[in-house]
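My questions all concern the structure below.
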Amino acid sequence: MGREEFLFLLTGLKWTVALSAVAFVCGCVAGLMVALLRTSGVAIIERLTAGYIAVFQGTPLLMQLFVVYYGLALIGIQMDAWAAVSVGLTLHASAFLGEIWRGSIEAVPRGQTEAAKALSLGYVSRMKDVVLPQAIRISLPATVGFLVQLIKGTSLASIVGFTELTRAGNIISNQIFQPLTVFGIVGALYFLMCCPLTIYGAHLERKFLTASR
Amino acid sequence: MSQVRTSDNSIEPMISLSGVGKWYGAFQALDSINMSVAKGEKIVLCGPSGSGKSTLIRCINHLEAYQKGDIHVGGIRLGHGSKVIDAVRREVGMVFQQFNLFPHLTVLQNCMLAPMRTLGLNKPQAEGRARTLLERVKISEQAEKYPAQLSGGQQQRVAIARALCMRPKAMLFDEPTSALDPEMVKEVLDTMIALAEEGMTMICVTHEMGFARQVADRIVFMASGVIVEEAPPAEFFSNPKHERTRKFLGEVLGRH
Amino acid sequence: MNYTLDFTPVIDGLPNLLWACLGTFTLAISGMLLAIVIGIGGVILRQSRVKLLRWLVIGFVELIRNTPFLVQIFFIYFALPLAGIRLDPTPTAIIALGINGGAYAIEIIRGGVQSISKGQTEAGLALGLHKAQVFRLIILKPALRTIYPSLTSQFILLTLTTSIASAISAYELTSVSQRIESDSFRSFEVYFTVTVFYLVISWVMMRIFAFFSARYFSYPLR
């Protein structure tokens, strides 16, 4: 494999990073909404959000990307593969992050909410100043763990036709007929992105365990 | 099998240790321990934490391996072969600090498991035996419950019944009341006193000096892996010979 | 918006899709079984006295957990023939799923074994039970109970991951739906229906797992 081909893989890598970043950032914003709705205390809203989460956790990411990709076109929104995949991954991330953060919000002791209410803090302040700062700390290891899942998940964009790292690998592999070398390098590039995050997540988890002892 | 049967002479000790030594790496946990326990004798083993008293009784049923010396239990020489070890474990019951009941089995099943699996009792026999012994520790009405549904004191009494279901010749108690809430200590000690009055051979690691005074034939005091002093309770409490014993008694009895 | 939904191709393809669900179940169940075997074997090797073996297992687990399944399945798909092993796409997919699930199973099972306190083993030994009896009668059930939730949710993930096996044309729901889609161009209708199928499949799986859990792990913990 020559310099040319390797540079093409790096271009794919760039898109993988961009896709992961967009999906993660947008997913965080949407996921926060999901988590807040899921813990809103209004039964109907909680049920609906729980259903939303269950659908994304009970179906393959690949199908989610297909449905969003073709569904958007259906309702008349013309988008290129890049935008459609970003939307799909964002929705996917919002459901998973929403569920992670719901767990963390519920893990904050009830007494905290009660104390905030006793101090006559409103919902916004109660969440923003009291509950969420503690919940975020609790959720950090799982959130980092999900980011790794998301980075790996972006590889499915290749099946929808977006040229990120895995599809770049497919293209090169078909050109030079050295699939093992190509996918070995592609795998190594994913590993270099994900492994530091995995280690960081494990570190956070240990830190949290010792702190809560 | 290196099993030496000796005549059933009452002078022959039920449990004897000679020159037992144990190391954890470079750290010596037990140093040439000699001890002999006659049939029906009750020994209380005490000493500061880390003195090796738990290690000592855990060597007697080979939960801990030892590197030096000999241990005889009920006429069997405890070697390192698994058959001899199993034979000794069938003869000696053990009660743990943390109860160690099996959470997935009911109280009754906890008591029936080993008699059926190692003594070959059939189900009605094992159940009959279990119910009798649960009766004896005054907990028969809890037989169908799971361990998690009982209080700590009740769990420990079940653990005693479970050990007795093997019809052991001797019982080892490893700090049986240390993990209990204060109000539950008495019910467990009462069970142990009743057992002692029936003539069971017992070795108890415990800090309950009241129990020691009432039940023990001899108190053995250990520190840093050696037996410092042993004496009948009256003598042990009124006239301790070693400085370390005096210091220890001062701490546990609260006389400063 | 002047598009009318047309589910006719989906209805025509229904028998094929239902058979394909069976293919997905087959992939998932075989993958799980292989994952359990790899998981148990991995845990035993992970506790080996040979340092090299321990590090090989750690390396394997991290390699699998930090790369996408799609890349793994491509790699295995191309590597097997080079190793002289010629297999159809479906068995190849099962191997890939088993290897992927196995890496996660190693971590989960290891946690379960570690969660059982040493006192349980000692109590069993003190009653004169053999090591094998202690494992079978005392350790196994509580350990399984501890890992059951994480192991089964990992298996649901593995079931959903089978859809990626369509990338090498293994016989399962996604590849069959892609064929119907490319014949009919009714993309949304096909994929929407198949998504519902997957939802039902993972729901059924969860019910099965919950059934076993209620049956075998109902003793109280505190």
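Letters A, B and C name the chains as they come in the text, with residue numbers starting at 1 for each one.
Keep this in mind: contacts are C-beta pairs under 8 Å (C-beta built on N, C-alpha and C of every residue); 3 or more make two chains touch, one makes a residue touch a chain.
Everything numeric here is computed off the predicted structure, so don't read it as measured data.
Ranking all chains by how far their C-alpha centres lie from the centre of subunit A, first place goes to B.
Here the chain pair with the top count of touching C-beta pairs is A-C. Subunit B and subunit C have Cα centroids lying 47 Å from one another. A straight line joining the Cα centres of subunit A and subunit B is 56 Å long. The mean-CA centres of subunit A and subunit C are about 21 angstrom from one another, to the nearest whole unit. Contacts with at least two other chains are made by no residue of subunit B.
On the subunit B side of its complex with subunit C, the touching residues are 61, 63, 82, 86, 89-90, 92-94, 96, 98, 100-105, 113-114, 117-118, 146, 148-149, 159, 162-163, 166. The touching residues of subunit A, when paired with subunit C in their complex, are 55, 58-64, 66-67, 70-71, 73-76, 148, 152-153, 155-156, 158-159, 166, 169-170, 173, 179-180, 183-184, 186-187, 190-191, 194-195, 198. Those residues of subunit C that touch subunit B in the complex are listed here as 117, 119-120, 122-130, 133, 137-138, 141-142, 145, 219-222. By the touch criterion stated above, subunit C contacts subunit A in their complex at residues 1, 3, 62-63, 65-72, 74-75, 78-79, 82, 156, 160-164, 166-167, 174, 187-188, 191-192, 194-195, 198-199, 202-203.
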